[in-house]
């Protein structure tokens, strides 16, 4: 394991967050899956946190937990309805541009997440190793190049910016998960059983524990 | 159980068939899943059979097995690459119209499966009960209204026509299954882990054992 | 022109029908496009008709018009939201199985369109020539093997059964058209501009006028 | 018109580039459409340029043309096979990560476009006004939040970085266009007729001419 711990003799600690339901859904598979994670994965302690799907407050809740828990890594998880697979996110951009209101009724259009912040932050997790680990579980996975412009991208950007601003070594990023079958009526909309979502996240966390550096893998997108 | 057995004291017998790989694929998830089925499901004996993806021969192989085994039900299973869910088929039409050659190089265009046969045969399995049973496993399922015009539809039509021509009580039909993740490179193409395909088929077979009549379920398609 | 007319000195007459809006939509691109067709295509007279999206009444309205107008061909047009291209239908099945209520609130489940009718009727239009003609306009087109189980399939089956029962020579079938862009908010849902839908239908009608027999074309579906 | 020209008395000049075919395709609808643009749009002079689908060289060719022509705006156009609509791009990221080799056989993995450059550059075109203008032509359009990680993103980033490094006022960005029907065999793959692609680009260029500032429009993505 690559992680240099400062005086710690214990295991790695990973903070995993899941959003509450939004957009008219009654459940959020991200939150359901996060709640179902075991307390320990690959020797690492897993701490989970429910996050409101709200601009601003979501960042406040997670960064407060980071400052308090001082985890080694942070993985935020959200729902990407319509995607067929589990998708670690490569990058978050400095834009809030909401297609629908968040759970507090906010709907910012073309505003920065952080005034004066860089245009984007790349995930500092080993995203390709995570994709490969999920695939080795027999599950579909791909690397995503956009987390959208709603609260998911907002939180990912905010967390990475918070850590970068403090010069910290905490690695952080985001994973989007599909609908679960219970949410889908239209047979053309893909979904993934909840147990598979949990297996996929567990594999992704295992990759975070075991890979200090990312791997080389052909996983780009032509568009 | 509704099944009227004629003097039989034993359990129900179900023949489950799976196609070999076609169209440039190295595996066929239908065959992989059929091979992984247990020998007994819900008290019924499960007999499995590999079928060549070839016009004519596929029907010969399955109807010969039907005549020899005299099963209570026949469920043919095939791959539907691109579909996100497990889909029992409602109907087979009397057309062979191949977009690609079969595994023997045949490519019939607009020919009848059975010269002089009816335009279509409906599945005689409880297809909606099968959909519901698969969903109760936490898996996505929908009722399909087309099995295409290639060897899958050909076999389904041929088996149903063979049974109908003999006035038999054997119930028969077809289930299409998605790609498994190992077959898919494009992240936009949906897939389902093999273990879930096996669970889905097992649930479908359980529904066949337990339902002599189909259930009422809103599962139609607007187009 | 292949058509053998018995004593007729006039041109061919084609009845083209379009459904009114349904399923919460405010417009139906099928009806909009049918209304925009010219009065004459390839020398044939084009008569258009609005049809209610209602089980039973839709068949009554169209068969009454057939009996009165005595057209040479009937082309019913409907919306297939989510399909990316213009799709002539190959076959209609003898099932009403509504996922949503029709415009009169009827929602039949697993009932026959025509009690005692054949399992299916194949379109008697030159469907592959229609596909090819639409493509030659630079538009996407494919042959569909299911018209669903809602009012579109219902009307196609009912019209073909009405004509078959009278031993008539009237050719008939169905064409599904995509959403138009004005109907679509989700960027993943395909659509086709109305002017292109009109061009596609015009090309399809031209093929009906010029082809008494269908052409040979690789246009089948593997599933 | 907002553009402040320094001493210029002539019209606005817009450089529009299109990539040559790649990935096994024989045509690139982007190049076909760019070639079909009129020489003048909304009073602006349109200069077109063919660009090789090659890392490095594509940026060299376009930035050389920028330095020579000194246009007011640069719009690079590329193919996004599988997208159903015309999509202006919001942002380019500082990553080359090729899923397939480019036309010279290069396949960089996880390398920066510009060593030491910012994580991303936002388009400086009025992207939402472009989306709206395309929609007003009756065509589908949406704002994309990822141009991928292949040569399209590479060129967009490189052009924006070149202009930013020189402190220039030239506005620049990228538009992805769908396949045209001639490229598509699978009926599930969306496409757009070439004439519509040309109309869409023309509308987008008109918006660039008429909007110095972007408009406010709900056009974000939840993921």
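We just call them A, B, C and D in the order they show up, numbering each chain from 1.
Everything below uses one rule, namely that contacts are C-beta pairs under 8 Å (C-beta built on N, C-alpha and C of every residue); 3 or more make two chains touch, one makes a residue touch a chain.
This is a predicted model, so every value here is computed, not measured.
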Per Cα centroids, the chain farthest from chain D: B
Interface residue identity across copies chain C, chain D - same or different by half: same
Chain A and chain D: spacing of chain centres that average the CA atoms, whole Å: 30
Inter-chain centre distance, chain A versus chain B - centres from mean C-alpha coordinates, in Å: 39
Geometric centre distance via CA averages, chain D-chain B, whole Å: 47
Multi-partner residues of chain C (at least 2 other chains): 188, 221
Chain C residues touching chain B - in the complex, by the definition given at the top: 23, 78-81, 83, 90-91, 93, 95, 97-100, 107, 109-110, 118-122, 128, 145-150, 152, 176, 214, 216-223
In the complex with chain A, residue positions of chain B that touch it: 84-85, 87, 135, 137-142, 180-182, 184, 187-191, 193-196, 221
